[in-house]
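Dropping the structure in here first, questions after.
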């Protein structure tokens, strides 16, 4: 009946955000969301197992903060870029997480954050190639990715 | 249904203006970076300014404005932010990976190697100078 | 007062966004490679969407929201297809 | 505003006309797209150019200030039909390319 | 509103539309069912259009205006049935029956969705004939064109695809012109309803009227492309001759649609009032050029298909010329000519396929492509459902001769009657004591010359096809292929025998066209159905 | 059967005799096309009666003759049916009481004669002869029609009686000359008069019965019949005399001269026919009643002797297998009876006394010496007449002497000729007897009938004439004698030469009308036509589009120019700088698109997308959010579509093979100029119309009633689904049929050879995968899409929800069925993009055709539903309904209609996309097939 309860919930939320909250729209939203989740089921995606879903807001907060930070950093770089103030470079990071959804979240996080870009993931040796706008300290980047994001993600998606 | 802009409290107007300018400013900076940075891999970082806090700022401005002006909470701009955040990386990832492939295939150096022996690909795609970038 | 603040902020924002769009299109012209042009288009989309939102603020109408939402939600489809074409020479395999 | 719009229409028309007179099928399809943009804007424009008016009925706003909805409806229909015909032309040019081996509009094999 | 019969007006559009939709639910393999449904639809159309013609020309004052959506005239879209549209509907229905029956022998099986596209073509045609609204006309034009694209390409093959591409490109350009024209008219006159537009023209101030005329001019180009006026006609012979036979058979009426619209609009909008006579010169000279070019083309054609294609141009040129003269009596003759030449050309296109079968390049190409493509989901054309004809060559020969006689306007068939009717109006008893002007002499000369050209060309082609072939194999022709051809030719015969009543109908038609007031008032005075509670529909809630 | 028919018609005609004597007229009136004065009027007077007798009588004899003449192998039923049809048409000409009806029968005789002449169509000469006959007489028939129309114009009626009664009016009318010229063109071509004579000898490839019938008694007589018919109204003028006389005299002499030098028996007879018709024409030209009597009399006479001669020639041909007079000789010993008959008949032809030919020729001579109009023509006529007569004596003599006398033939194809069957000869017997009877006792035998005919033509003008064989020694008799003696001498002097000479007269041999005609015909109707068609037509697309653009431009601007339109001053005020900036961008992008479309397709596509985006922003700016959304969605789908297609286009590299000729440069410049003027023109018109004060439009009604009666606040949407829902119905039909076309066309799609291979990128990536042991094929693409596909998959339900939202909102806010449909299609498209075709179709079974069918049906059914409430199609109903839980909800039938739109749009778009996407899979199959073929081969 409800193959993806969280998804259904989010869809109802989306419906209400779009239409405003009324009783009618709640009913309608439920119907639509159930229908959409049912459609989703037919795609048979890998079902992510959300274990510690309550950690999600934490991740969200961290990312938001990092994005603000790197926004400032990158803006600065751009505005000064005449003087070549940065040191761009590639970075290969081995990953431990396997869950595709988790990898996707990581990719979104890294790409959304100005200053780092997800280039390619190799499923054979499970490494990801990143490009970093300012790679002053490679180790620090690796550490951020492994410990700040990946660990949290591994906890969320068991 | 709606009040006119003049009826809005000044603090709200200032807040709206602030976020609006932040957002559009970041978007502009991102665009400038996109123009000025020398290599493709550097350039792809710049627009993310626009897609992250650029959008964030403008959306916040919009939410504040409509919430205040209509007197009820208006949050649906959130959706735009969420969707852009989720979808933009797809484009960037796919493009960067494609660029990587092309650079490797053409032996353009300066990209981490996954060596292969094939010949360069890609005319017809609108390059005026395949050496650069 | 509020009106002046809002009006000037919106005007400046719009001009900045228009400038951003101009820059993005410049990239579309200059390339040099296809990937640059495609990112240029993507940037153009994003800035256009922001422009719509500022337009909504400027006019005080929520009516432009759907258009912006469509841009935000579905605008990437074209660029994704372009990117995939670049990578694979084929959009749907 | 009218001037900007009219110029834009003119430029797109010119570019479109130039392209549809070219020998390559792809140029023709791009030209047709440009032309249909121009024509859509043109249809839209004949209803009078109004900025910053509510596009839907709002209580308390006199109807006369609203944008003319008829050209809009016409443009919508034109967009849909233009979409359909673009798709069709695309497939036909593909079929022609497959059958003649060239992308020349007359199926000729010259380098022009 | 007279109950259910009133809804009959919309039946020519709805029947094929619904049938087209129904056909989508059948698999390609259920071809027989599809064919039967499709055939039933065309037969219903014949019955409906006959009924409409009857009602229209009948004694009681039939209200031929149908308010779609129950919206009063200039606001909603109206369908208008008058003598002219009734005639065109009937013509289209008759051709469609013939073409469809013809296609059942094999053509409907060589590609996908033939029947659906065929039905939608009828939707487009009938809609264009019936509509009283300019933009709605555009829409139905597009329906017809889109379906015609599909039908032209039906069967694929290099020739068809190349011709199809040119056809599509030119018609897309035409569609854009159509849109520009319509929107200019709307922007200057503020209405899309033809009758309303006609009524408004006198009140439009000069400045705006000039722009309106510019719009009408652009619009006219779109129609002239469809009608095949030189120099906008080069696609036509190629496209028509490349189309499969039944498709070309039904295409015969498409160029007439352009003529129909021009006739309708010039009579309605430019018959009287400040813009009277707008564009008449263009039609006259364009018609002359077209007729000359068509005649030259008829002479120059080696392949029968192109000959037939150029015959379409000859027919168009003649009609355009007559429209340019805009004289009632001549126009009546021209209407008869329109009907006759449409029937003829349609029959001829189908006949060509039968005659050329065996030596037909198209069939060979088809066979080759079928083999090369070898798609499992492509079905071999079924041969052999039906009976082949005894005395095939004789019947084909007679039909061919009949086509030749009709095309060249030799007596006694309707081709002659029609030309006589036009010529008589120009210089015979229709114009007693009025010495023919130079223009009339030109026209008469051209009409006669085109007939001579057709005569020369048809005998040349006929001799080559029937008599000089070296022991050519007798083509395998199925009864259901030759019967439609004979049916159409029989119609021309009927038109000949019943020339009197037919001409009377044409006269009535032209007379009512030349009095646009009737049309305008009918449309503008048509009242929506009152509400349940008897209150007129200005009521909120339900209407 | 055929004979019975002919005989029956003969008897019927004969039975009318009492009614037509003394100027009586029989009329039958049937309506046909009364509005235009074309009625099926039959009218028989004495003249028509006489002619009908001739037609039916000789027709009967020819049928009898043909019964024995035709071989068993020939398709005889066809022959007789054509012959009878021809006879009918000929009778029709004669008894038409309406001149248009006459022209109908006139052309019918042309058509049937064509079929008869080409009866042996395996023979090229027969085909060509028939064709020439049809071309000449057919054209003549058209001319005749014009002439008759002009008569109708003058008289006001096509009724023969009315026309015949209006002679003075006609002759005095300014249209007299044109009418005369056209009628004469008809008559002279039909009667094979100079300069149109040449078709007749070529028609001799017809079976002999046909020649005997058509070229003696009927077809060619139609022309002179017509001259006689209109003699009362047309003759007597200077123009008549000159035109008819000139043609007649030249034909008379030339025909006779040519006849002398023919080697073909039938050729000789044909030219003699031409000459005799010339004689008749000359007689008619004179405008005197007596001459007309002579003409009518000679028509009858000529028919009898010429028919018998043709039949005799047929027998000779039949028995010996040849008609070449150089090979024939001394046949009298084999064919004594036929020979005798032929001799009598040729004597009649030569004008030997006691035979009918003599009588009419005497009358001709008598008229020739009279003065009619003082002119050279008139003065030379006696000499010319005598000369021609001498010629005719010579060829008649030659006919008899060469064929029947002299040594026995040596090289006949059929060595043993003998007399034909009794009944085959019977018609000749009869005709020769007639020649004799008329020749000896004219007054008793033919007198009354001739009188009847003459009276009906001349009416009160009927002159006194005497039909006796002896008028005393007078000038005509002397002329006859001279002709007889001179002709004999002429023959004797030419005998040697004629025995061996080539076909045709010595000097004019090479000047064959036929050859000239054919050359001209080929030149004009073929070479000229082809070069003209090439010059003024094209089969290429570019010139066609150039014309379309140019005429469109002219059509738009010429009316404005001609009517002196002036636009308002250009106003720079009120321009929003941001808007202007955006369009500056848009213009640049449009230029970029145009510039890059040739070599940088992808770049052009990207820029086109940019232009589309700016159009979309414009829509928003100008308060049309619906348009913006639709434009945006369409933009996205179109881009993907074009990308799907780009895969199959050839690689294009800049700079290669780029040698611009001067012509190409000129063409480009012309196109550029055209593009520029079109752009400027469009700007001008757009500006003009946009700055014009808005007229009182129907829009006001929509704005006022959209909510109260359409139940929606989004007026645009209410227009689309309600006010003008019918447009939308048509529009979805367009989309549907295009999708079907795309589908059908792509089922047959085969890419060009150079697009068959995998794209280069894929080959590189595949080989990369294959080269590495730890990787398996397809790893690269799997990794490539790993992250994106996860996100795209999760977007699926989100976009579905969004589509529902857009749909539901439509009536009040921007959105609607179309946008929603496109949105849903994009959701599907994304899954194809993310997982590939197989992956997606493994999971989603979309049946686009069903969606489409359901869409149209839903929309139509919604419309039809109104019928049951007594409203017209598509009348919408709108009300608020109270639902449990939800509360008050708007429910409009328009929503249902929109659902149909939605369904169709989804089906069509998906069908198009999927059909294109499938090509990548299909190509694998094709490659496999090709590979298998190569292996086999």
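Going in written order, the chains are labelled A, B, C, D, E and F, and every chain counts its residues from 1.
Criterion: contacts are C-beta pairs under 8 Å (C-beta built on N, C-alpha and C of every residue); 3 or more make two chains touch, one makes a residue touch a chain.
Because the structure is predicted, anything quoted here is derived from the model rather than measured.
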item	value
Shared interface partners, meaning chains that touch chain C and chain F	B, D
Chain C to chain E, fewest steps along touching chains	2
Per-chain Cα centre nearest the global Cα centre, belonging to chain	E
More contacts between chains, B-F or A-F	A-F
Interchain centroid distance [CA atoms averaged], chain B/chain E, Å	55
Mean-CA-position distance for chain F and chain E (Å)	17
Inter-chain centre distance, chain A versus chain D - centres from mean C-alpha coordinates, in Å	39
Euclidean distance of C-alpha centroids - chain A vs chain E, Å	61
Chain B residues counted as touching two or more neighbouring chains	30, 32, 44, 51, 76, 79, 83, 86-90, 92-94, 96-97, 101, 121-122, 125-127
Residues within chain A bordering two or more other chains	14, 18, 107-108, 118, 120
Numbers and ranges of chain C residues touching at least 2 other chains	14, 19, 21, 31, 34, 37-38, 40, 61, 63, 69, 73, 75, 80, 84, 86-87, 89
Touching residues (chain side chain F, partner chain B) in the complex	596, 599-604, 606, 651-653, 760-761, 763-765, 767-768, 771, 784, 787-788, 791-792, 795, 798
Chain C residues within the chain F interface of the complex	11, 14-15, 18-19, 21-22, 25, 28-29, 31, 34, 37-38, 40-41, 44-45, 48, 51-52, 55, 63-64, 66-67, 69-71, 73-75, 77-78, 80-82, 84-93
Parts of chain F lying in touch with chain A, wherever the complex brings them together	774-775, 779, 782-784, 786-787, 790-791, 793-794, 796-798, 800-802, 804-805, 808, 831, 843-844, 883, 885-887, 889
Parts of chain D lying in touch with chain C, wherever the complex brings them together	52, 54-56
Residues of chain F that touch chain C when the two form their complex	577-578, 581-582, 584-585, 588-589, 592, 602-603, 605-607, 609-610, 613-614, 616-617, 620-621, 625, 628-629, 632-633, 635-636, 639-640, 643-644, 646-647, 758-762, 765, 781, 784, 788, 792, 795, 798-799, 802, 806, 809, 813-815, 823, 826, 829-830, 832-833, 836-837, 913, 916-917, 920
